[in-house]
Amino acid sequence: MNGVPMEHGLVLAATLFALGLCGLMFRRNMIFVLMSLEIMLNAAGLAFIVAGTGWQQPQGQVMFLLVITLAAAEASVGLALLIQLYHRFKTLNIDVASRMRG
Amino acid sequence: MMEPLTTFLTTLSTAQATAALLPLTFLLPLAGTLILAFSRGTLSYRLSALVGVGSVGLAAVATLLLALGFAADAAPQTVTLWTWIAVGDFTPRISLALDGLSLTMLGVITGVGFLIHLFAAWYMRGEAGITRFYTYMNLFVFSMILLVLGDNLLLLFLGWEGVGLCSYLLISYYYQHSANGWAGFKAFIITRIGDVFLAIGMFLLFSRLGTLNITEILELAPKAWQAGDTTVELAAFLLLGGALGKSAQLPLHTWLADAMAGPTPVSALIHAATMVTAGVYLIARMHGIFELAPLALYTTGLIGALTLLMAGFAALAQTDIKRVLAYSTMSQIGYMFLALGVGAYDTAIFHLMTHAFFKALLFLSAGAVIVSCHHEQDMRNLGGLWRKLPLAYMGFVVGGAALAALPLVSAGFYSKDEILWQALAADQQGLLIAGLIGALLTSLYTLRLIIGTFHGTAKSANARHAEAGRGFAHGLPLVVLAVLSTFLGAWITPPLSGVLPAGPGDGVTAGHGAVELIAAAVALSGMALAVWLFGLKRGWLRLADHGMGAGLWQLWHHAWGFDMLYDWTLVRPYRGLVALLKSDVVEGVFRLLAKLVRLVHLGLSRTQTGKLRGYAVTMVVGATLILLSLALVI
Amino acid sequence: MQMPTLAFAYLPLILVAATAITVMLGIAWRRDHRVTVAVTVLGLALALVAQVAAWQVIPLTTPLLAFDGLAMLGGVLILASTLACAVLAHAYFETFQGAREEFYLLLLCAAAGGLALAASRHLASLFLGLELLSMPLYGMLAYAFHERRSLESGIKYLILSAAASAFLLFGMALLYAQTGELELSALMVSLTDGGAGAWGLAGAGMMLVGLGFKLSVVPFHLWTPDVYEGGPGPAATFLATASKVAVFAVLLRLVLTAPAFQGEWLNTVLWVLALASMLVGNLLALTQSNLKRLLGYSSVAHFGYMLLVLVVADGLAAEAGGVYLITYVLATLAAFGVVILVSSATDGEDAGGLHYYRGLFWRRPFLTAVMTVAMLSLAGIPATVGFIGKFYLIALGVEAERWWLVAGIIAGSAIGLYYYLRVIVTLFLAEPGMHRRDASPDWAVRAGGLVVLGAAVLVIALGLYPAPMIALANAAGGIIAP
Amino acid sequence: MILVWLIVIPFAGGLFCWQAERLGDRATRLIALATMLCELLIALWLWGQLDFQLPALDGSDTQWALEYRLPWIERFGIDIHLALDGLSLVLIALTGFLGALAVLCSWNEIVRRIGFFHLNLLWILGGVVGVFLAIDLFLFFFFWELMLVPMYFLIALWGHSGSQGSTRIGAATKFFIYTQASGLLMLVAILGLVFAHHANTGDYSFSYAVLKETPLSPTMAFTLMLGFFIAFAVKLPVIPLHGWLPNAHAQAPTAGSVDLAGILLKTAAYGMMRFALPLFPEASQTFAPIAMGLGLLGIFYGAVLACGQQDVKRFIAYTSIAHMGFVLIGIYAGTELALQGVIVLMVAHAFSASGLFILSGQIYERLHTRNISEMGGLWGRLGSLPGFWLFFIAASLGIPATANFIGEFMVLFGTFPIAPWVVAGASVGLVLAAVYSLMLMQRVLYGPTQDDTPLRGLDTREFSMLLSIVVLLLLLGLYPQPLLDTTSAAMGEIHRLFDTPSQLLPEAR
Amino acid sequence: MELAFYLSGLAAVLATLGVIANPNPVHGVLYLVVSLLAVALVFFTLGAPFAGALEIIVYAGAIMVLFVFVVMMLNLGQAAAEQERLWLQPRTWIGPSLLAAVLLLTLISLLWRDDIQRVIEGGELTAKGAGTLLYGPWLLLVELGALLLLAALVTASHVGRTVPVAAPKPAARDMPTGDADQPQPPQQPARGESSSPAGKEVL
């Protein structure tokens, strides 16, 4: 079998990454923002896996593992902040967190 | 009897005596200045006057002793006090040179100066700022003495500027009237313009000859330059420029008439007898340079001629008695320049001296009239004073006679006649004719002045209630000056032969008599015409009221419109420039830069919205740009 | 590899981590603010001593970490500023009613992350160190979450930082895909006309986005003022000092050792970013009236200046970077220290507004002197250490003939003066009836005060006699492990 | 070691003053005064003690009358290297004198926070003395910038707000930014020179004597010279870069104006003569026509703008610009006569401008306005103040017998062989000087009085202060030789470097 | 296998699109789970089954459950979805999307440039390799990861407190004489921001 060229895998990762960015940039609901972040991190992880499999090395997977660790940690902290935000403002609209400017 | 006197004179003529006396002449007025300045208003009027007059009086005594010594042994002497500056070749010294020329000037300054100071004690009585007045006056005498005694151009320049400053201060003496201040301002600025020429001339001479010492310059100049060399012409022209400013000659003459704003003794001392003649002195002093520069010399004579005509006409149309005298001063100095221009330096100095006598007399008399008439000085408001103010009338008559060169009896006749003769001898017929026309004009305006002031009927209350001045301070100066303005004054022969080259007419007698006759005729006919015009028929008024006469009268009254010309060409543009640049245009560029920075700041601040999504977008834009640049590079 | 030596090198990191564990256990057992602070300070002080002592054994390398001059200098600065933050936090949280102890735990974790980051020579340790540095910061920034500004700053920093991490990670993945290596010194890419190495370069660019975000380089700087303003004083201080030092150290190492970061294109990008940061940072601060925001903008500008070190990356560069980091940290600590002393977690919003400081001199002259010295140092005026830093950067720029950047530094400094001077003069003006807040009268004899005074004294002392600092930076710059 | 003391004394005195505030105002002022007098006395003692006629041998180290050297930052070969020659001594003595005057003239003017005020005042002077003594370029730059900070405080905290809505803080900031930014340019130039030297020899050095020998390509030398020139040009100030000066002068308290006009401007001229010319003789030669043109521009521009001002102190500030034009011309003429003239002119301007500023301060204390249009007719109301005013006006327009005349004319005499047309132009400036000076006289003292009540005359402190300046101006005007002898060796050296650069650096070609 | 890669890749992209475009949070979370599963499939096709398993267990399992839990806890309901729909106007999303598209295109063009010619042939990468590496030379990372999780845990536990730790007491050393320091009125009173956080219960 021919296998998948590496750039195809990377393009897939890039596409997911861009979609995540998209979500980050235009969603106002903080849940979606956090999910977009997860998408981006996941895309990065995917890229690592693609690279790792391409080079046939375990490093890629270990990096992916670390990415997942980060994603989990970030999700927990993010959600905690989200709850606090909702608690304070009764909304998940992150635009309320825009008092500081100038 | 004679023995001690001879011994005394011999002692006076020694170098030691000169060294002791010469500094005294200017140190005494300086001491007066300092005492008055630091009295801080604690001196009484009498004491101030005593210090002010006394210091100049003592200086006059010192001068007299010097003159006696000089008469005994006429060797020029130099007294060096200290080296002023010494940097490389540049070593001007504070050094005084006594020779015939400077002694003549010294005599005029201290002698006439003393008389005027004395008169001022009467004139200024009751004025509050007498201390200030005498401070300035003494300072002036000090500066003027330095001007004539300085053996180098820089020291001369010190005096030159000093008298300018004092002139400014005294013109604006009555400071509460703004116009007086501006008159002083004008005087200082215009003379300063001349000074700048003098300064540049100094720079030029120093850079070419490596010295500022006058004697050395006069020695070196003929070796350095051919006659007519461009450089020396330039130097001469620059010196001439300085002289024109100080001596109120065309085109830098406009300040003198306004300078009459000062107290009348000031006009007498500064603007008639001494300072305004400094230009004549300068040119005479630097004759070696002018001898090498025929063009400049000719220009000097030409300017003198033009000025004497211009001022003569202007004097005809003045109504203020002091202004008449001011224009007459310009005109007389024009004669001196004319003399200089034909190379008759000694004649110019001689006229300078006699002019100092009779013009001081005229001014002091005018001062007497003015004070007596409660500060009324417009001829149209005076008249019929000859009975009430006999002494002043005497002064005017004697002085006027000298001014108009009344033949034989007046001092002015001898000096002016000499000038005309020298012009003829130098083969400058044009200048001669100008001088003759000037003489006619002089007679006209002099008589107009006398008739207008003293004859006819009093035309104002001030004139009707005139009170004659009394006292020693009032009388003595007038009498002494009157005596000097007669032929007796003309007997004083300035000891110039060793200093100045002989004029073209010296030693020649052929034709002299003819010139004298013509001059006398012109003067007399002018007087007669004046009597006819102003005295008997009042024909003048008819002429001046109509048509061209009125126009000419206006033109002459405004002295040919030079003031207006300068106002339009210099003053207004400068004011416009000031107004234009007032807000510091150049710095505006930087202010604009600051504005730009602030604008950019405001623009950038708008990116700081506080909105998270906006921040994310910016970040992505940044990342995109970075990657795009990579995509474009490879 | 001799284990004892290596252990010696690891010791600071181990000590910090152990202190963190101790603090955690302490919280679990019994909460006591004083004891927690004491333990934290003790642990950090020991770590600092160990860090200094570790200077004896360098250079050492493990697959993940490099213990070299850069790591040592970074470590010292990180530990010192963490120590300062801990002490200042004690003053700040003294009257705080809620749980105070977690803050120190987070602080210690972040310090550990910083140490790892500064020493990392591998993408994995770089990534994890960076995250370990950032993750506690989210908590620290949002620590006083009852205050909406604190919460807001936590959220902003979390989301943007995570996005930046994603960029960083993606970039790493691309580099890895290109080279098959994760060690920095093995990240070789070549740039040819055909585009070989494009992945790696794109990866390097994206990593730059991630790291540039942490350093608040224009255009990734927008979060800085908001987060500085909202975060509790000690957290913002840590963010401004230790965090930036660590990130800068690793970026410097990247540029110095990773071939992928040495190409012409990246150099140009850095150059442009540097210039933009200098100018934009200073321009933004121009009329800022909140001191904490102003310090945020100022840090944007300062890291703009510091990017010059990366652009040149040769000759004096490492030394200049070290010197500038020291000067920046000292001055920033002093400035933030004063703000913290004047603020308190219980007073709601921190004392950021400049109007609080009006006429401070006439009430607290020495505190004002500290602030003045800090501002002058940030402005780079002689007799403060900031001048030495600026001197080094300009020297570097001149040596490398980077005239545009030198011009940028000059223009930036000129603009910067405007707002630094505004702060300074405010301290000395007296207008009665204004809002004002004061540090407690005995501030100077308390621990926080000593830290602030110490920083100010160092700013002056090293400004007058910089030789020790230069020797340190020179030594650090001289030993860069591959 | 005495050189170090010269620098340390003002700084220490400043700290004492700060702390002495609790002892009372009088004690503070007395300490400040004593500090400055001590400085002045040391300077005068040195003047008497040392020999400034050292032979200026080529490249030898005998140029200095006193030297002090201590390693500072060895990494870059930076030393604390102080040296004294006639030029620096004269300026230090001037600093001491004007410093004492500054303390005296703020005796009644400053009543708030005098401890801190005197701290700043003395620190400025300390910084200035440092500038005059440092011959290590790094140290020079260090002091050059250091003196800005206290000056900033002086203007910002004790200044007056301006007439056209400009604030004292704005003025102070402008001053600081102008000088600091241009100072950084100089730093760049210094570093450029140092690295050029480094490239040649492999050594770092900031020493004046060492860097003087650095061979440079003409372009490089010119560029570096420009860096120095711009920094000094801002401070002097030279025309397009003068924007800070009117505001700073006008808004500063009297003591600040005295220091600014009297000393700070002189640091720039000093810098040009000490560094810009000797370090880059050929480039300076090339640049000389432009510099002289700028000087000429300054003379005219300052004169014209002065006439348009309503604020007395702004007025005087612009006249300073005009006077500094002469200084610039003289420096770049480079003949010994011109350079010596520059020295005299600097000292003279320091005295006359200080005198005018002190007088404006005194008028302000009495009238509470600096607006010229609210003055007029003051002559009779102010006791002996107008007399002094008149004297300083006369000095500022260069009446002979004042030192200003000596300075201006020596500059013009010295420049004429080099650039006759410049001299001709500058001489026209003399007329403009008369215009603005007399205008000031006219508008302040002359004219109808607006109010007849007499104002307080001068008290003994004010009178003796002014009298001392007057006496000094006259002394220098009539016998400047002691001053000229002191500086002649230093100026001769500069002249030699400037005039014959090719002999000095044969390897540079 | 290649086909599976492309198909699951397509699925992942589509599901992700669903996440970012969906107004309903619950649907969004579910889409994300789908996307993650699809990515896990991709991992399998590439020959990284260990990673795929982790993706499913940790990502789709643990993390997503956390999301679901929070969404449920907040009980956002239909009103929130309506609100979301309102926010999803084209003018909101079109700009960012274009920007992201540009970024993506740039990235793709860069990815296409390189001639690395490496093909993933699906050789198995086992957990063993990863483990050996991770617990061998990379052991430090485990420790750092642990600290990271500790920090996250502490943060979450501190920040996640719903009962406020303390009402801000009146500023003791604050001496206000004006109003500049007073709290601003709530920006969105309609949404019921609590100006006093005391005693609020969630759920």
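Which chain is which? They are A, B, C, D and E, in the order written, and residues in each are numbered from 1.
Keep this in mind: contacts are C-beta pairs under 8 Å (C-beta built on N, C-alpha and C of every residue); 3 or more make two chains touch, one makes a residue touch a chain.
Keep in mind the model is a prediction, meaning the values are calculated, not measured.
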{"item": "Least step count from subunit A to subunit B, where 1 means the two chains touch", "value": "1"}
{"item": "Partner chains that subunit C and subunit E have in common", "value": "A, B"}
{"item": "Contacts common to subunit A and subunit E (chain labels)", "value": "B, C"}
{"item": "Centroid-based (C-alpha) most distant chain relative to subunit E", "value": "B"}
{"item": "Chain nearest the overall Cα centroid", "value": "D"}
{"item": "Chain of greatest Cα-centre distance to subunit C", "value": "B"}
{"item": "Interface with more contacting C-beta pairs, comparing B-C to B-D", "value": "B-D"}
{"item": "Subunit A-subunit D separation of Cα centroids, rounded to whole Å", "value": "64"}
{"item": "Euclidean distance of C-alpha centroids - subunit B vs subunit E, Å", "value": "97"}
{"item": "Euclidean distance of C-alpha centroids - subunit A vs subunit C, Å", "value": "26"}
{"item": "Centre distance in Å when subunit C and subunit D are each reduced to the mean of their C-alpha atoms", "value": "42"}
{"item": "Residues within subunit C bordering two or more other chains", "value": "124, 128, 131, 135, 138-139, 142, 145, 154-156, 159, 163, 177, 195, 198-199, 201-202, 225-226"}
{"item": "Where subunit E touches two or more other chains at once, by residue number", "value": "95-96, 99-100, 103, 107, 110-111, 113-114, 116, 138, 141, 145, 148, 151-152, 155, 157, 159, 197"}
{"item": "Pairwise chain contacts under the document criterion", "value": "A-B, A-C, A-E, B-C, B-D, B-E, C-D, C-E"}
{"item": "Complex contact set, residues of subunit B against subunit C", "value": "597-598, 600-601, 604-605, 607-608, 610, 612, 614-616, 618-619, 621-623, 625-627, 629-630, 633-634"}
{"item": "Interfacial residue positions of subunit A with respect to subunit B in the complex", "value": "21, 24-26, 28, 33, 94-95, 97-102"}
{"item": "Subunit B-facing residues of subunit E, complex", "value": "95-96, 99-100, 102-103, 106-107, 109-110, 113"}
{"item": "Sites on subunit C touched by subunit B in the complex", "value": "155-156, 159-160, 163-164, 167, 191, 193, 195, 198, 201-202, 205-206, 208-209, 212-213, 218-220, 222-223, 225-226, 265, 268-269, 280, 283-284, 286-287, 415"}
{"item": "Residue numbers on subunit B that touch subunit A, as the complex places them", "value": "605, 608-613, 616-617, 620"}
